[in-house]
Amino acid sequence: MNNEKKIYGITATFKTPDEIINAAKKVSNAGYIHFDVNTPYPVHGMDGAMKIKPSKLGFVTLVMGLSGAAIALLLMFWTMSVDYPIVIGGKPFFALPAFIPITFELTVLLATLSTVGAMIALFFRLPDNQHPLHDTEYMKSVSADKYGVVIEAEDVKFDEKSVLDFLKTLNPISTEIVFYPVVEEYPIFQPKFIMFLIAIAIVVSGGTYFSLNKLTIITPFNWMMEQDRVNAQSPSELFADGRGMRTPVEGTVAKGFIPYPYKGQTNPTEVLANPFLPTKENIALGKAKYFTYCTPCHGDFADGDSRLRGQFPNPPTLHSKRARDFSDGMIYHIITNGQNVMPSYASQITRDERWAIVNYVRVLQRAKNASDADLIDMNKEAGSNVAN
Amino acid sequence: MNIDYSQEMPTVAGRLTLAQIEELVAKPMDTKPDKKFYIALSISGTLLMIGATMLAISLYYGTGMWGNNQPVGWAFPIVNFVFWVGIGHAGTLISAILFLLRQKWRTGIARFAEAMTIFAVICAGIFPVIHTGRPWLAGYLLPYPNQHGLWVNFTSPLLWDVFAVSTYLTVSFVFWYVGLIPDFATMRDRSSSKIKKTIYSTFSLGWRHSNRHWTHYEKAYMLLAGFATPLVLSVHTIVSFDFAVSILPGWHATIFPPYFVAGAIFSGFAMVVTVLVFVRKIFDLQHIITIDHLEKMNKIILATGMMVGYAYAMEFFIAWYSGNPVESFVFINRAFGPYAWAYWIMVSCNVIFPQFFWFRKIRRSIPIMMVIVIFVNVGMWFERFVITVTSLSRDFLPSSWAYYKPTLVDGGILLGSFGLFFTLVILFTKALPVVSISEIKAVADGAQPTHHGGEHHE
Amino acid sequence: MSQTDFHYQKKELPASLSRLGIIIFVVGTVLSLLAFFVDQERAIFNYLVTYMMIVSIGLGSLFLIGLEYIAGADWSTPIRRIPEFFAMLLPVLFVLVIPILVFNHDLFHWAHKEAVADDKILQGKAPYLNETFFIVRTFVFIGLWSLFYFVMTRNSRKQDETKDQTLTKKNIRLGAIFIPVFALSITFTAVDLMMSLEPHWFSTIYGVYYFAGTVVASLAAITIAVILLKEKGYFGSWMTNDHLFSLGALLFAFINFWAYIAFSQFMLIWYADLPEETFWYLTRWNGGWVFISLLLIVTHFLVPYFALLTQPSKMNPKVLKFIAVWLLFAHLLDMFWLIMPNMGSMKSGYIFSWIDLVFPIAGTGLVIFVFAFAAKKANLIPIGDPKLKRGIDFHL
């Protein structure tokens, strides 16, 4: 039996902490290197007795802690100062005092997790539930209240008999030879079983998907997509005609509506006064609207020479004496009300935009029919600009 | 009673052997739960169900079910959050700070206190999340590149809370688990049932009590304690920043960080004493959690209670000294305004009642101790209530002053958090060793070599 | 070593120590008096800096004694005499405080009646900030400290002969009473002597901030004394690096605590950005002060933090001695930073003057002399203390 199994090591168990310290010292002084002491709790002075060097775990902590701090600071710097800088509470984009709490937390988090992770995985090589010492009488006793030493077969000085004799000289309560466990076959890793697991996974997930999404319709959080109101253009069962939208009742006035007093009059006796000054912005707006709505007929420069010329009764030039003599209000009235073939533009162009167009038409008229006096004015302005 | 100061007080009373200690600690796990256990569990479970129902109501109908109003938007949820986070602090303090101070008496209570930390932080975490009104969007609190193209606001104390509380929970859990590994191994080796053995083996990670491991293990424990200590301070400091970085009178005080930390330790110790008194009785742990330990904790309660009292006094003094009329108003309003009742509950429970602990007899009398620590728990809850509610209900604009009254739903959720806490505690007592077996063995009589490391003995 | 037969033979400190103290003190005092004639205002502000430094060492030491008793600590018992010697500075304060009271008009804006008359806020504070009450408070605090010092050290010394355990019990009680007294008195001392230099400014954490610095300074002083005495062989062979480690760890803890408190105060004021609070920091950001402010962070936190971070460095007497001296300077700088920017002509920026250097010289001489004087009257080790054996046996 003994010859078939490979020896892991020989153990000896002791009763008191003094004995184990003594035993550890003797074992290490005897020149064994691959040996270990197992005690239910850390015994003071054991590191010295076993000649164990101080743990290097602190370096992992230091490096990972500093990395945590760096990561936190870089993340906050990048998000708050580079990627999406917003002024918050008048603080600078890189508000260092306000970043310190999170820097600290991430330092601690990373340092702790990596210390423990490194300790378990790198320093201990755990989890290891297949270790030969498990499930031995030796492990049971050192787990409770005994103190044990194990000399491993790996050691160059290992020799079953001499080690056993040596351990006996230390007056242990008991000694035990520990073998490597027979490698077990785990049914869990057989392909058949794995296929079975996969099949179950498919059935369960498919069934869940089908029953949740196809049989029953569950929308746990619909993110406000469904609300108790009628959307525009959608049907409603509430009304007899089945429509969600209703025609407004007679006399309904839209918000902000101001009635136009000269509506429908071809030649009004009086018109509105222009409420807008021909400022740069206003004229720019007028120009934009003029190019959108007026140029198709009246042409880019109001000469009545548009691309549609000949397809309709020709639109008149706006540079005629008559047009130039119109008051602002009259031009506004024509845009609002329409004239001859020209329809009303009241629904397309807002009030303010109409007035802006009027101002722009005035600009065109003055530009096309400039007098000498205008030229003097212009030179004056240009001269004054130069002087400035 | 005369104390011999030349002797260190034994950590484990009654000269128990290692095997006896192990037997005592492992007993709740080896035996089937008795009637008392089920009664306790059903009481706490009922509270938990009440809380769950109230929470479901709040989620279904919305946060309008709560008493929160204008201007008191930070009402019960924040009060409860700060309360529970505070409770959590004692655990880390006992396991980390007392470890660094090499106070051996901590071993009997550390495991339990750590567990309470984790449970309390879990309870605490619920409140800010439900206070958002849409807890399912809590993921937005994490800084990940999202579809909105936005980042979280790293300069906001509320975000610091997210980081602080989640780090605290993680680190406490890791700390706790690291402490449990050797105990899982011990439980593995003493259990005969196959299922138990498999579970314990898995969690023990195959720990072998090897001294080559113990070296690193002790180092790691030291490092973890070194990190947990500033962490525990930082957590309540950041919680205090939630209030103190604002300019609201009564919230903006530079003493808030240490004041909150002291208060947290104060309330946490009170909670630990409250629970331990029962635990040591029910599980016959009087030899391990001795009256001396309780007395020491009561001393700490007295000390931290006075620190809290100092902070109250300083706030009042500086409110007057600053010459800032709004600041002085807030403090007079606290003491004599509509919430005066809450203020005086707070002062009497936190500052006056703990003064009884000056007397040794009272420190060592379990019934009186129980009354006082429960008063402290109540008082510390009211402290957070006073800070949050009085300042908000009457701030700069008298036209928007309003009196805040919690609703039944608010109360139900608070009860539920106690239910959750105690349910977890009760399950813990049955599932895991409530005292660290390996640590308590290490400080038992005769557990260490007689001469230091045997070095002078050759 | 066997501890049962621990015999202590008192070894007197050399007389040269107190001579050295006197020489430094006299030189410093002469220079300081000269400074008074050159620039009285600057001199009295500097005097206050050194005065607060001495309060820190003396009061911090007494606090540590009280703390040892009530915490039941044993590792520090064998070196308890060192803080007891330093605490003798407390009764000396009765004399040292007089110049501050005499020249209080140079120091305190609120002491000027005409300034208070047209300042609403100062009028509101007048019930607290007035000369009579100020003087009463100052003397009451010094009186209380001296009282506790005398009673506690007398008990401790009596125990050397009687070995009476009830004396320990008495001191535990006294310590328990002293700590609350200490908390209040140190807070109001800080408010009176430093915060009220800028009478419009206020911070609730101010007392805690000064307390943190106090403990750092007194621990540093104790560490220096312990290491020097150990090197010269005044303690037996029992004094191990484990004892030093405890001192180092406490220093490390308290520089962190100081940084925590300092950061909390700064952070809250910076974040809330209220003009009635920020001006205090802005003054310390003017002209040359910005460098002193940044230097303070480096000297009082960053350098000692990294120097004491690892376990071996906390045990290394050389590192520890260097850092302890360093921290005394850091605390001096801290006091300087708290006090000097309040001087009218210094508000716009720091301008160096030799006056800033002479007062700490006199202070150092005084501390050495008082230490040597106190050491003459008592054993260097509290041989009668029941916790002594445990303290000597102390190992990590």
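Per-chain residue numbering starts at 1, and chain names A, B and C are given in the order in which the chains are listed.
The definition used in the following text is that a contact is a pair of C-beta atoms (placed from the backbone, for glycine too) under 8 Å apart; a residue touches a chain by one contact, two chains touch by 3 or more.
Treat the numbers as computed from the prediction; the structure is a model and nothing was measured.
S.K.: Of the other chains, whose C-alpha centre is the longest way from the centre of subunit C?
M.R.: Of all the other chains, the one whose centre lies farthest from subunit C is A.
S.K.: So which chain ends up closest to the centre of the protein, judged by Cα positions averaged per chain?
M.R.: Smallest offset from the overall C-alpha mean is found for B.
S.K.: Going by the contact definition up top, give me the pair of chains with the most C-beta pairs touching.
M.R.: Pair with the most C-beta pairs in contact: A-B.
S.K.: Distance from the CA centroid of subunit B to that of subunit C, rounded to the nearest Å?
M.R.: Each chain's C-alpha centroid was found; their separation is 34 Å.
S.K.: Could you put a whole-Å number on the gap between the CA centroids of subunit A and subunit B?
M.R.: So the centroids are 33 Å from each other.
S.K.: With chain centres defined as C-alpha means, what is the inter-centre distance between subunit A and subunit C in Å?
M.R.: Whole-Å distance between the two chain centres: 51.
S.K.: Give me the residues of subunit B that touch two or more other chains.
M.R.: As it turns out, subunit B has residues touching two or more other chains at 230, 237, 241, 452.
S.K.: Name the residues of subunit A that each touch 2 or more other chains.
M.R.: Touching at least two other chains: 44, 58, 89, 91, 98.
S.K.: Which residues does subunit C have that touch at least 2 chains other than itself?
M.R.: Each of 267, 271, 395 in subunit C touches at least two other chains.
S.K.: Please give the residue numbers of subunit B that touch subunit C in the complex, ascending.
M.R.: The contact residues of subunit B facing subunit C are 2-6, 8, 100, 102, 230, 233, 237, 241, 244-247, 252-258, 299, 303, 306, 310-311, 314-315, 318, 321-324, 358, 452, 456.
S.K.: Quick check on the complex: what are the subunit C residues that touch subunit B?
M.R.: 1, 70, 72, 74, 120-121, 124-125, 128, 165, 168-169, 176, 179-180, 183-184, 187, 191, 200, 202-208, 249, 256, 260-261, 264-265, 267-269, 271-272, 274, 276, 385-387, 389-390, 395-396
S.K.: What does subunit A use to touch subunit B in their complex?
M.R.: Residues 16-18, 21-22, 24-25, 36-50, 52, 54-55, 57-58, 61, 75-76, 79-80, 83-84, 88-89, 91, 95, 98-99, 101-102, 104-106, 108-109, 111-113, 115-116, 119-120, 123-124, 126-131, 133-134, 139-140, 142-145, 220-221 of subunit A touch subunit B in their complex.
S.K.: What does subunit A use to touch subunit C in their complex?
M.R.: Touching subunit C: residues 44, 58, 89-91, 97-98, 100 of subunit A.
S.K.: Contact residues on subunit C for subunit A in the complex?
M.R.: Per the touch definition, subunit C meets subunit A at residues 263, 266-267, 270-271, 273, 310, 395.
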